[in-house]
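Residue numbering begins at 1 within each chain, and the chains themselves are lettered A, B, C, D, E, F and G in the order written.
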Amino acid sequence: MKMSEQKSGSQNVLRLMVCEMAHLSRPDGSATTFQGDTCVMTSVYGPTEVRMAKEQIDRTTVEVVYKPKSGLPSCAEKSLENIICNTCENILLGNAHPRSAINITVQEVQDSGSFTACCINCCCLALLDAGIGMKCTMAAVNCCIDNEENIIVDPTRKEEEQSQAVLTFAFDSKDKNIITVITKGKYSQQQFQKCLVLCRDASDSVFKFYRETMEKKLSKT
Amino acid sequence: MVDVQLSDAEKTYIIHGAQDNLREDGRGCEDYRHLEIETSVVSTTSGSAKIRLANTEILVGVKVELGETSPENPDKGRIEFFVDCSANATPEFEGRGGEDLANEISNMLARAYDCPSCLDMRKLCVVEGKKCWIVYVDVLLLECGGSLFDASSIAVKAALYNTSIPRLTVTHDEGHTELELSDDPYDVQRLDVYNSPCIVTLSKIGHSHVVDASQKEEACCLARLMLAVTDKGCVTAMKKEGSGSFDVSSIEDMLETGKKVGQSLNKSLMEVLVSEDRNMKKKYMTGYLR
Amino acid sequence: MAAPSVCVPGQRLCGKDSNVQPGRGTYERNGFIYASLTGCLMTEKGEDMTLVEVVRSTETTLVPSVDCLVTARVTNVNPRFCKCNIIKVGSKPLTDSFRGMIRKEDVRSTEKDKVEMYKCFRPGDIVIARVISLGDAQSYLLTTAENELGVVLATSEEGVTMVPVSWCKMRCPKTLNDEFRKVAKVQPSFIEQCDT
Amino acid sequence: MAVDIRLASTCVRLKPESIDELTNLVTPGDVITSDTGFMRGHGTFMEDGKHHASVAGVVQRVNKLICVKPLKTRYNGEVGDIVVGRIIEVGMKRWKVDTHSKLDSVLMLSSVNLPGGELRRRSEEDEKLMRYYLKEGDLISAEVQSVFNDGSLSLHTRSLKYGKLGQGSLYLVSPSLIKRRKTHFHNLPCGVTVILGNNGYVWVCPTEGEVSEQTGGYEQNFEPVVRADREVVARIGNCVQSLADHRMMLFDTSILYTYEASLKFPVKDMMKPEVKTEVIDLARQRLERDGT
Amino acid sequence: MRETPLSNCERDFIKTAIAEKKRIDGRQAYDYRHVRVSFGVERGCCMVNIGDTRVMAQVSCQVVEPKQARPADGTLYINVELSPMACPSFEPGRLSDFGVEINRLLERCLKESRCIDTESLCIVAGEKVWEIRVDVHVINHDGNLVDGCSIAAIAAIAHFRRPDITVSGDEITIHPASERDPVPLSVHHMPICVSFAFFEQGKYLLVDPTDKEEKVMDGRMIIGMNKHREICTLQITGQMLLLKDQVLRCSNIAVVKVTEITELIHKALENDREERAKGGKYGFAESVPKNKVTSNHKVSAPVDMETVEDHVTSTFSQNDDVIEIDSDAASTSESDDSVVIMDKGSGAIGLGGPSTWNVDDEMSELKEENKSNTTKTKQQKSDTNIVVSIDDSSEEETTEILVEPSIQKQKKKKGKV
Amino acid sequence: MAADVKTAQPLQYYRKFIEKDVRPDERTLEEFRPTVLNIGCVTTAEGSALVKLGNTTVMCGIKAEIASPKTEEPKKGYIVPNVELGPLCSILFRPGPPGDQAQRLSQFTNDVITHSCCINKEDLCIVPGKYVWVLYCDMVCLNYDGNISDACVLALLAALKNTSLPKVVWDEDTETIETDHNTTTQLNIICEPVSSTFSIFDNEVLLVDPTVEEESLSTGEVTIVTIDDKICMIRKPGGSPLTPQQLDLCINRSFIRSQEVIRLIQETLNSVDR
Amino acid sequence: MPTDTRRITGPESSVSPYSFCKIQEPQPLFNSQDLRKDGRKCDQVRPIFLKTGVVSKAQGSAYLEQDGTKVICAVYGPRAVIKKEEFSMKGQLRCDFKYTTFSCKYRRQYQQDNEEKDYSVQLLEALEPAVLLHKFPKAQVNIYVTVLQNDGSALAASITCSSVALCDAGIEMYDLVTGCSTRLAGDRLLLDPCKHEEYSSKEHSEVNNGSVTVGLMPSLNQISAVTSSGEIQFEHLKKAINKCSEICVQLYPVCQQSLSKSVKENIKENT
């Protein structure tokens, strides 16, 4: 019923990507990312003071808080937090600031498909905005396998619901290895390989988007 | 237990005292301290009692409400205990400080009353399988001066005795039943607490044991035996408490003492309650303003 | 050895008299010696005394006690003292660490007032120390004021295990630059374990 | 033995005190005087040129100084007071002592006299032995040495009459009930020693021989106290309690009189309110006769 | 994390400025910062900016059992979340006192002023009613959160649509949006909070204080009011004694502000409605400024599907040999991992390796032992006291067992762990 | 002094073993620990199973209760899996509400059930819109020594296969139900999801079925749930990046593992029935 | 809405199927030949299976099984006291008693209910007298007991189990503590009752119906725990206590056996 999801006809297209950075006054870094209608807002504080309990003597403590739009966070949100946290930890220079903390807060604004991917990308942008030392950047792409066995990259919510399997990949910019894989639903090994490669290719354009964004940001300053 | 710190010397003094049956305040091992009781002190309850045992002060309020019968025993009412260790009894109770103690007391009371002859729950059933009276007993610790269990059990018994349940008339007409509450305040039903238990705590001090231990005495007692004793001289609940242990023989005479003390405690309590009940009319309220 | 007689707590071992002496893992109660541990019964004939003890197959020094040696990992350092986690008591690894503290004045026996904590310990170092007192509720008080005590394992900025070069210096084999530590007099056991 | 249970209604109540002394009683916010010539002391505050009371109590005037003495309060100590206190913490070189004052008092290792006479350096050893001398829960009698600017007290026991207390029992009363005397240690004829701490802690114990020099009074004898002494101690204790309950000043004579008045009752009856009142009344009359 | 306190010079500066009827951001005393209300793609999702302060509200609904007391009423549940995003001092998890205060205020302002008709939320009296849940997320904290929250909350409520339902007998069907258009809630009135900050014991007052101003103020007054000039809630906090006329002045100001804001909300709702109607673009994405340097738009990027196949082969080709190794490694493991049934209901694969729990052999042992013991006890049932002399010959006495007939019952061992 | 390296520098200690393609517990890198399965060990539960993976021990008990269904889906029952990592099973856990890890595991098991669709929730319907079954599947860890997720999934599956529900009779006119515990019906399990976990050591080496030490040292983790020859879930939440072929290896290994495990379950079940 | 966000949640409320089946009147506790439902004599105790060292990462642990009653216990410590407390020269003992949700006929909740709290305390007080607390100053020992399946006498079983676990952990003790419970029915004593035999106030109304649990330190002959419920005359109470302690004494060697076995194994491994 939503006009703004009309694109869903063509399968091999990443939806319109929009992002706004540094739009929050308080955090050290912040970003809002749209992929189609899906929208996530992320803020980063850090490196800052760390709570005694969480202190690690040799590395930074990365803490991710995920805020669902309505209702209280439950187990599902907890594991999403965990996924985001581990993924970010991997691209950050962990031992650059020992005994400090980087607090990332991810706010759901609108989930219309490929949500996890959007979260990860948004975090990456926020971290870029916060100017925290990173090994590399990362890009997440989501795809699903519909009942006709064909693969849809960056699907909408509707498409996800109708598909038999949903796969989310996150790649690093260095040599495009797989940082994160989250998949749900049945599919064969061949299909998996195919999805993997597709998303891997698709991730290029996300990396390109990062680049443009940063170029634009740093252009007039 | 709310514990005060004592020096070794003080402890020995107390222990020896218990040995030759003369305690700090001149009591013998089996003597209770002076007890003061007043019932129906809180007008908003169905029954209430306030007791003062030296420094221990406890207020008990009983509320009786209509409720659903529980599926496991549809022909009975229920009694529920809640103990509140108010923080103005002692700062230790602040926040969740008093919770453990409160639980222990309420558990003990619940167990003590958890047998048919103490309080006939069948009388509290209104419509079998549907409606029954639920008796909520709220125990409030106002000041702690030792032997809280005993004191609260006495207060509870007094309050229950004082409790009056409004008379209900049940009328059945094709299937659904009508309940009618009589509006006459004097047309009430009383609980029979004749056989309700009182808890007697026997604190083992040195090799002898005392009843109604003061706070200091509790501080130098390692193990205590709690007995819920009925007027008939039965135990409805027993519990050992504290980090010490008894040898088998000593338990025997503890039981003996418990029985003796318990029964006389019940006896004199009932006497007082009955007498107060008798001259209810010409009684003037004492309350807290003295 | 033949199957030793195993005893469990509360088992009466023998009467207590002048020539029997209760040892570890036993206690004495109105004239008898009882076992307080599960383990093998050991008797040691002295010249006029027989020592009776119950020994477990695995060692039982469970808590740090005054004067015993402990291995600790330094967690943080400040000018006045350094905090650490005790990971081993004697040679027995602990499942859960105890908190320990080395005060400035307990780092070494000489020139106590010249001690600079940062030149003695760094977070992550492994230290061998002796318990001086049970300290306060939080942590045990430790000392390294002996030659054999101090840092035994430390990693340089590169994260390489350093080798001791003097009583106050350790060298990183990779970059060959020295870092200050309160080094323990090198014990053969540790050398061997550093290059195995 | 029958348990003694009463109805609150049947219990005798205390008679209200004579009203006359309550004339200069004030409550917070009351204007004491609008005369600005006065200096404001404890328990008062100034607002638009008037002296107001900040506590409920009795107004006291020492020539130009006006202060309000609260009826019931925690102990605020003055140098030279005799206090009875309980050790609550053993720290580095100092003990923390509970004296029922606003803040915990301290007893420095340097201000106790240790075994082996007064003039002796405190060594590292003593620091290790502190818990052996005095440990948590121990009772001491001491004198207030100085008052820190935060109001907490520093005590000393550098005299043989002070120090660790042995067998006996402690009673807590309101500090305002302790009458200031030149001595607070009393060996009563009945063979009982009473220490009336200014902080409202009253120590009652059987009188015993002098403490020996060497031990510095840290050795204690745990020999059983004979029944007779025990009984007297109990009786005195109950007297102190009843005096406190009736808010009468505590000092040697008052205690003694109460004791003598109580003699016609068995000790344990003294817990009964009516007995208390009777005994106290007797004592009070006698005190009034003495005109004290 | 602690909030960094305001330096004294800043305090003084702000205070003196206020005393001179100036504000550090150049506003007049009674001015609001720029207020923006925008709605999301989803119904009942509203974002409110007041200057840098940002609040998002989302309304949702579910079917629940009604409260015993009011069986024919739906419920309105308000939950304020102070996200750590908004300000480092906000901890995740349980709500701070400040949060509770706001929450309570909103409840008083919305719930207890009965701004929505709860009777209309009843489905089957006493059994099923709608629960409307409003989650208010504070996203950026630059002062005056209360106003932000209240605006966001009420706007979201006005924007929300709940699914339509039909009740036939005890059959209840909830229609998804695709079947039937969702229905709006019936909103009686729109209460809005306006907060005032007071300085110098209430001498000066400011509307819409910023974070800095809030840090130095003596106290605040919050007036919840709707455009019919009805006060829904009023609260004064802080250490100050306020003069009567100040309160009246504030309420007069509130009237003006409330009407303005209500206007704004209605306009925003109107826009949203039109956009949706004519199927144009709506949602937050539209409110992201294109020209800002910090923002970036990118049109849909195609992903070529043609080359995928050979890509796949290329990526996975080089690991054939590896698979080789693995598979035969596996096959070996296969061979020795044959299932062993140890006892009724318990089987195992893999042998050796550490497992302190291979109980069943234990079991047999113990059985024997018990048997032997019983035989033993037969000959010396007499001695019940257990004494071990130091010599080893004492095994006999030490073993003493249970009540003797227990052996017959040693048989069934099913479900042993 | 080997113990010293182990406690002081566990990482170096492990490296020494891994270099030689073996682990301290004498396993090869792609070898699982011995797996013991014990079905129907708790008679108070409708279904139960105990799984031992080396030292790791998980007991799953299933309690069935009766509740009214959601208004949205009046024919569907509930399956409520929860993992308890109590303080009993390891020093790592404190008493109180479930920690993050326990929550993640609970979610994981829940995902396995929903995504594998191993149970048709409509089988749990008693009276549409009125009464449905709730299956509380509680997995209690009794001994925590790593790779708890595999153990949980196995225990859960085994317990479900062991579950049988009492017969329920619906009385039309009184609109009440009555249960008969003497006649029970087996729960129908559609498919058998099996999970296998790999942990990444030093960013490259893959260890199958990690112990708790290995987990604490690992730089990442991959869990793969397979059903027969299909993949049901892959879960690699961050951690060190893997090449596609490494991932492929894991998938292959897990296929082999699943065959073993299914055989184990089958034969064990038979042994119960016989 | 206080829903548990830390767990996967089902429906708000659900009822056990047992509350839907028709109530069958309680059958007699023993038949004509004085045999109980499971064929035991009145004074017959169920066979005990005891095993130590079942939790590999724990300091000490034990598993006890009495037919239907299955208890596992783990001991951790002595370890640093977790929450800030004042200095104490004595060690502390902490007990945590829990039923698994599926261990009983009716499903248990996750949070400790009153019974479990009460048992935790009783367990603690049963064990404390037996432990040489002064051996681990300012440290604490945690004892976690979990009942996997409850078919009566759970408390007694946990007492025995946890004391054995303590031994296994090498915590110094004056003595073991063994537990036994009995059911009073008139003048009869049913030892080691099963779930259906245990006293419950709603079924048995006459006097001298109740149950007694005793924890005993066998070789010191000291009673460290005793608890009763139901209305009992003093004479019967004494009888019950004595009978229980008798059994407790007989349990001692069983613990001894399993412990010495584990010790022997250790020796084997080490040599």
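By definition in this document, a residue touches a chain if its C-beta (ideal position, glycine included) is under 8 Å from a C-beta of that chain, and two chains touch if they have at least 3 such contacts.
It should be emphasised that the depicted structure is a prediction, and the values quoted were computed from it without experimental measurement.
Fewest steps needed to get from chain B to chain D, stepping only to touching chains, is 1. Comparing mean CA positions across the assembly, the chain most remote from chain F is D. Centroid distances built from C-alpha atoms place D farthest away from chain E.
Across the two interfaces under comparison, A-C and F-G, the one joined by more C-beta contacts turns out to be F-G.
Inter-chain centre distance (chain D to chain G, centres taken as mean C-alpha positions): 50 Å.
In this assembly, the C-alpha centroid of chain A lies 20 Å from the C-alpha centroid of chain E.
Within chain C, contacts with two or more other chains are made by residues 3-4, 7, 11-12, 95-96.
The residues of chain B never reach two or more other chains; the list is empty. Chain contacts: chain G has residues 6-9, 54, 56-57, 70, 76, 79, 86-87, 130, 148, 217-220, 252, 256 touching two or more partner chains. The residues of chain D lying in touch with chain B in their complex are 1-9, 11, 13-14, 86, 88, 136-139, 164-170, 220, 222, 224-225, 227, 230-231, 234-235, 237-238, 266-268, 270-273. The part of chain E that touches chain A in the complex is made up of residues 1-2, 40-42, 45, 52, 54, 56, 58-60, 79, 81, 83-88, 92, 133, 135, 137, 139-142, 177-178, 279-285, 288-289, 292-305, 307-309, 311-312, 315-316. The touching residues of chain G, when paired with chain B in their complex, are 19, 114, 117-118, 121-122, 125, 128-130, 201-202, 205, 207, 210, 212, 217, 220-234, 237-238, 241-242, 245.
Those residues of chain F lying in contact with chain G across their complex are 42-45, 48, 55, 59, 61-70, 78, 80-82, 84, 86-91, 94-95, 97-98, 102-103, 106-107, 110, 134, 136, 138, 140, 142-145, 166, 168, 176-181, 212. Here chain A touches chain E in the complex through residues 1-4, 7, 11-27, 30, 32, 34, 37, 39, 41, 43, 45, 48-49, 65, 67, 69-72, 103, 105, 107, 109-110, 112, 151, 153, 190, 193-194, 196-198, 200-202, 205, 208-209, 212-213, 216-217, 219-221, going by the rule given at the top.
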